[in-house]
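Submitted below is the structure of interest, expressed as structure tokens.
Per-chain residue numbering starts at 1, and chain names A, B, C and D are given in the order in which the chains are listed.
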Amino acid sequence: MDYKQRVSESFNRQGFMNFIGAKLEKIELGDCEIIVPFSENLTQQHGFFHAGVVATVADNVAGYSAFSLMDSTSSILTVEFKINLVAPAKGDFLIGKAKVIKQGKTLTICQSEVFAGDRENPKLCAVAQVTLMELRNREDQ
Amino acid sequence: MDYKQRVSESFNRQGFMNFIGAKLEKIELGDCEIIVPFSENLTQQHGFFHAGVVATVADNVAGYSAFSLMDSTSSILTVEFKINLVAPAKGDFLIGKAKVIKQGKTLTICQSEVFAGDRENPKLCAVAQVTLMELRNREDQ
Amino acid sequence: MDYKQRVSESFNRQGFMNFIGAKLEKIELGDCEIIVPFSENLTQQHGFFHAGVVATVADNVAGYSAFSLMDSTSSILTVEFKINLVAPAKGDFLIGKAKVIKQGKTLTICQSEVFAGDRENPKLCAVAQVTLMELRNREDQ
Amino acid sequence: MDYKQRVSESFNRQGFMNFIGAKLEKIELGDCEIIVPFSENLTQQHGFFHAGVVATVADNVAGYSAFSLMDSTSSILTVEFKINLVAPAKGDFLIGKAKVIKQGKTLTICQSEVFAGDRENPKLCAVAQVTLMELRNREDQ
């Protein structure tokens, strides 16, 4: 199974990503993107995207960017992440991107950015630093 | 309006907390609890609670613990948080608790714990450190 | 070699801890303390302990609390940490304490507290969350 | 006083930066660099730069990058930072760089990178995310 298939099948097994309407927009090696259209169901008390949704995207997009580079018989786990919410997550879409800073034997470190707005004019709303763990010989499902 | 009413009204305005089935279990000064019953909608690829749900609870319970202590004309914002996922979030419930480490004029620092399991036997699955900002004279709603 | 000896020999090999005048005050299983007396050499621009010194203590005390529990043929590495500086680090001493939140096969998660003041009246000045990695069969030195 | 002078005078008041031999290599608006030559005094137990030194550089270079953009009557404070140590900090020099992700009225968010090696061949050894606070009308010194 190639990495695109591994990533998209793993993504599709996540009940929560489906529940919030998230889509994998891009699957390249070490470079995935996730998009979430706005819905009243995803709001915080002022009507913007909830920080929990923003964090979900920041974590997940880092996870799949890392996972795309891992061995085909490996599974992945988020060890920890840290996120700064730098602007209100306001708009029609949330778009998450990640880059792999370091891929180690066991741990992979990524940085994510989440943008909110319309597709033409997305604005940075969060930056995150994520530590992921490769579980070897424990195929994801 | 007393702090319990302020906290619960703000919580109820969050479309996302309602969408994931989260309930405020406890509202005391600087000490709130949030509970989320399990649902297939909240899962990651192995059938446990998704890290995004765990992070949402860790952030929110810190936020309301801090908010309960703030001025009645203040609004609250999460500046940033960092979360370690220390065990699979597996079970019937997710329960989040927080304590206020330091309440400053502008920033409040909290630590959160999230437990998963059944109500009799919850197990620590995440710890977080959260920085919150008090926006004075900008009543929440 | 018992854990007290392993911890104190590793600590003593750290040129930097000696340079800043740090001492291991307590070595118990999963529970170490580090103390640093004030010096002009350790200050930031307002004459308090520098955040870099506070962070060094927060990281190191977590590391040795974790290391005390590890296999005698293991070495230790800090993967990452996050620290909130909650009050000016002002006083005659800096004292760091840590607790082990979760010891896993590969990763150990700790929380640290750093206090500043005199020995009778230390005040919390920082809280940290630290992720450490056990490198098996790679004895420390 | 222009920003270069404000930054360099504040840096020079830090006893600790002088103690570890750190120099401000570059002072541009929102873009400072700090360099620390290797010394046995700065080592951890395996003879590399200590994580505490790496963290000091990551925090400080973010701080001065942010401070260069602040009002001339403002002082600066690190609220918190999170650092991933991605490779051994091994070599003749440590070099820290930062970029400002978001400058707000009160809080500024930066990302730092620290490189180790010789000047021709520096290798990324740490990435950090730093939250800084502008204290208005409280001139630094």
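Heads up, the rule we're going with is that a residue touches a chain if its C-beta (ideal position, glycine included) is under 8 Å from a C-beta of that chain, and two chains touch if they have at least 3 such contacts.
Everything numeric here is computed off the predicted structure, so don't read it as measured data.
Student: If each step moves to a chain the current one touches, what is the fewest number of steps from subunit B to subunit D?
Tutor: The fewest steps needed to get from subunit B to subunit D is 1.
Student: Across the interfaces A-C and A-D, which one involves more C-beta pairs in contact?
Tutor: A-D
Student: At the place where copies subunit B and subunit C touch, is the share of residue numbers found on both sides over half (same) or under half (different)?
Tutor: same
Student: Rounded to the nearest whole Å, what is the centre-to-centre distance of subunit C and subunit D, using the mean of the C-alpha atoms as each centre?
Tutor: Distance between chain centres, rounded to whole Å: 21 Å.
Student: Roughly how far is subunit A from subunit D, going centre to centre by Cα mean, in whole Å?
Tutor: That gives a centre separation of 29 Å.
Student: Which whole number of Å gives the spacing of the CA centres of subunit A and subunit C?
Tutor: Distance between chain centres: 33 Å.
Student: Considering subunit A alone, which of its residues make contact with at least two other chains?
Tutor: In subunit A, the residues touching two or more other chains are 79-80, 82, 84, 109, 129, 131.
Student: Where on subunit C is subunit A touching in the complex?
Tutor: 79-80, 82, 106-107, 109, 129, 131, 133
Student: For subunit C, which residues count as touching subunit D in their complex?
Tutor: Touching subunit D from subunit C are residues 10-11, 13-19, 39-46, 50-53, 55-57, 59-60, 77-85, 140-141.
Student: Could you list, by residue number, the parts of subunit B that touch subunit C in their complex?
Tutor: The touching residues are 82, 84, 86-87, 101-102, 104, 109, 111, 124, 127-129, 131.
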